[in-house]
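Letters A, B, C and D mark the chains in the order given here, with residues in each chain numbered from 1 onward.
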Amino acid sequence: MSTPPRSSNWGRWGADDERGAANLLTPDVVLEALRRPKSGRVYELGLELKPDAPVGGDRIAPLHFMTHDGGDFAALNRTDWGTADDYIVLATQGTSHLDGLGHMWSGGKLYNDFPFTEVRSSGAQRLGIEKLGGLVASVHFLDFTHLCDTDDLDITSELVDDVFAARGVTPQPGDAMLFRTGWMDDALQGATDERKYPVVAESMGPWFAAQDISIIGADNIAVEATGRRGVLPPLHKVLVRDLGVTLLEMLDLRLPGEDGVTEGLLVVAPLKISRGVGSPANPLLIV
Amino acid sequence: MSTPPRSSNWGRWGADDERGAANLLTPDVVLEALRRPKSGRVYELGLELKPDAPVGGDRIAPLHFMTHDGGDFAALNRTDWGTADDYIVLATQGTSHLDGLGHMWSGGKLYNDFPFTEVRSSGAQRLGIEKLGGLVASVHFLDFTHLCDTDDLDITSELVDDVFAARGVTPQPGDAMLFRTGWMDDALQGATDERKYPVVAESMGPWFAAQDISIIGADNIAVEATGRRGVLPPLHKVLVRDLGVTLLEMLDLRLPGEDGVTEGLLVVAPLKISRGVGSPANPLLIV
Amino acid sequence: MSTPPRSSNWGRWGADDERGAANLLTPDVVLEALRRPKSGRVYELGLELKPDAPVGGDRIAPLHFMTHDGGDFAALNRTDWGTADDYIVLATQGTSHLDGLGHMWSGGKLYNDFPFTEVRSSGAQRLGIEKLGGLVASVHFLDFTHLCDTDDLDITSELVDDVFAARGVTPQPGDAMLFRTGWMDDALQGATDERKYPVVAESMGPWFAAQDISIIGADNIAVEATGRRGVLPPLHKVLVRDLGVTLLEMLDLRLPGEDGVTEGLLVVAPLKISRGVGSPANPLLIV
Amino acid sequence: MSTPPRSSNWGRWGADDERGAANLLTPDVVLEALRRPKSGRVYELGLELKPDAPVGGDRIAPLHFMTHDGGDFAALNRTDWGTADDYIVLATQGTSHLDGLGHMWSGGKLYNDFPFTEVRSSGAQRLGIEKLGGLVASVHFLDFTHLCDTDDLDITSELVDDVFAARGVTPQPGDAMLFRTGWMDDALQGATDERKYPVVAESMGPWFAAQDISIIGADNIAVEATGRRGVLPPLHKVLVRDLGVTLLEMLDLRLPGEDGVTEGLLVVAPLKISRGVGSPANPLLIV
């Protein structure tokens, strides 16, 4: 490209924009994405929400409560008919989830120049996840599990370009990308050491900006290396704050990885949590 | 048809089946559904989750708590960077949601002959919503708001057949159907009297069975009239228990209704709540 | 008194004090309080925590969930033995509760000169309710329900002095006071209009200070009139912030009122919610 | 005694009784208990409710959420006045708590012959903790931490009789007893192995019955050894189901133990959780 890669999407969709790179998912992009699947197979990328589900950070695993159930009817000897109902208590960013654009800020500013003080106990007055909208995108699936336990765990633009070159594919504006690192495979078995799995390198930031990627997901806690206490995760700064990209974290990418999936259709429907800064999700990958 | 309409799907997909009519969404059906959209517009059918959101029955509106936010950083004069995080407490069937197949039983049996005693405080050991899978279907949108406040509020098979005849369309096995009744339009304004809005009539049961409908949604509490205390909602018995149909309730169908939408692609991704009997959802209608 | 009444307790128990007027409950005061009861009758002043319990403001009524129960064992035909367990979700200041000293501030300062910025999403770093301690005090019970629906609903120092004079009693330092206004009697029947019940007048502030009252409780939302939006409740400012008095709100004072109780022993044990700004409570009045 | 020790309190206070041994706390017993304290010192026996608090079984530690706080006001530059409020999510029997009489059953029966099927998802229709009442009792404090790591960890009636003999004290009907085992001392430091601490022996059951003990507390999970999966904790059967004794578990008995406390006044005020089977508590020991 003769023009330098875009480093920020602030103002690109207006001073009031609260959707960020989701704006790249125009009707034409949606229609194009719907044409990707060839087999009709639907993969669920969300983890099962249960007491021993892996969760990121010091969040709790989901709580599930029944408010009435078959047992109550059995106790009453009412064996004909009945109904059951339940509640959940959930950390929105605990298991498989979207990061809302209100999730982080830098230089005192959220995405699109909104002050960080817009995010208070009453939630995100700006950039709330209820404003993001349903996401429908073409998606590239990249599996880097072969890097596990190697000396260099950085997923760099060179490595990514190699993959696309080998596939003879060029990413298009609005495309989504999913990175399988292998972390979740082991986390589901109880492993917790993050230091042996590849992570998306900070240097990928300009690459994502140049390609106008809309959504980036991974099977780990933070796509990039999880932050040390007191240090800003640098790729989050570029992706969430500067570009307004939607991050999908804590995904289960085992099945499509094992099936050798390379591309498809991604559909993500955040819960419309009013003023939320994240949402649990069960993204669908359709190939 | 020369054969009588099917009245039950028990055993149709095996004695261990826990997905019901979602099995109709085969790869071919999925691929066909993906071809429906012509404009690429994406409608979100989920309600905004907030303290004054309409909820069905005596459930509570969603609670939203921030565990850290911009205010905390302001209080500490840390005005550079920071992150925010949140929790929700949610009745799975309070606002826009799917009914899981463990939600109701009759004659002591859940869908596919499983005993109702499989649903206990620990959740649905059988038919848990985590087993339903992501739903991708062609969908017909029917707007009956013109029946509001009329003498006859039953949405009958005759009325529905008339709509399809006028459209020159025949429903196909696995299709989804959405019914707009107008109830939610008013509920969002605080109205609570359900008796002036149309409801899907009990007599539609055999019709849905004959057409092999997979998913039925509406902009009201129960698709059919909400049950009186102590009386089994009869259409739930036919649809959920006999046929294993997925019901979508408490949807926001205003925008596609106002736009005159008649058909499209429906994508629903339930949260994989382990042993859950329902899930909040933000179904996407793509036209 | 020849010295002016004390208007603030800041610094009185040291610059690091986080217990406020609870410091008045010295071992001698405790021993004296234990000698008050003559009959041995124990009144519970806490409301029953249930879905239709009265709650103050826009808080929710308590949620109660069973994680296992007799129904589950009935469903499994395990009719011999079993156990049950439960969870609650609770607004600490929703029903009967203590206001912690971190609950409010004025002039940028909490009680004892701590900055309001000590109270963040992680809770009250200063004045957390876990530091208050168990409260044991002599208590005066004053019933002003005869003022309901009269022209003048202010409970003033003149009225209070009249009561003590008629009783031939002089309040002692560290004493607690309970005010029955009649609001709760009606709130338990579903009434919500607060404007017909007496309230403790703002002018009582200096009186409480002069008598060194440690704890003040009432059967209404805020002891004083509930604040209008945007206006600081003035008596809260004097009692909580200046004097460090513990307020008990949303009490059920019907039974002792009907029994004509005038004094006794008050025991309040806040839950030790780490960094909490309030606690549910079931205060005991022993006469 | 010439009559055999009582082995059950069923029917003792009527067929409808739902308070059990709490009935022993008559006004005379209450008045007598209030005379116990000599120094006026108040010990709180409740644990601090925080994310790393020890909890029994697979329950979660308490969750604490602020709904507004000083940070929000700082973010808005409203530095004058404000208020803070909070919510908790709590396993009633997670940290320091009372076991309600609906907590366990044997032979299909709860205390006082109520069928176990009275405890359903809607809670304990019988024996709900809201019916227990405030508890005021004389209490004996027994410290057996010297047994830790010894060969015989059973706290037997012989050992207990020895203590009372040495003290020249005879337990009276309605008395409460607190057992310090040392388990909590280490659990608060993160230790989890229960097998090195003394526990109240099953053989103490008849002794408690003979003395008409009303309340029994300990600084461990279950007073007795925690049950193995599938085995009824035998002392619970005798104490809770047969005698209607209130158990206090997960107490913090370090301070009174270190101070050599032997007796005093115990005051416990359960939250009146409607149909609850347990309640968090901060019991007060006054000496």
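Things to note:
Keep this in mind: a residue touches a chain if its C-beta (ideal position, glycine included) is under 8 Å from a C-beta of that chain, and two chains touch if they have at least 3 such contacts.
All values derive from a computational prediction rather than experimental measurement.
Any chain that touches chain B and also touches chain C is listed here: A, D. Spacing of chain A relative to chain C, judged by their CA centroids, is 46 angstrom.
Between chain C and chain D, the centres computed from C-alpha atoms are 25 Å apart. For chain A, the set of residues touching two or more other chains reads 63, 66-67, 69-75, 87, 89, 116-117, 120-122. Contacts between chains leave no pair untouched here, as each chain touches all the others. Of all residues in chain D, only 25-31, 34-35, 37-44, 46-50, 53, 59, 62, 64, 66-67, 69-71, 73-74, 79-93, 102-108, 115-124, 130, 133-134, 136, 232, 237, 265, 267-278, 280-284, 286 touch chain C in the complex they form. Here chain B touches chain D in the complex through residues 63, 65-67, 69-75, 87, 89, 121, going by the rule given at the top.
Taken in their complex, chain A has these residues touching chain D: 51, 58, 60, 63, 66-69, 71-72, 75-76, 89, 116-117, 120-122.
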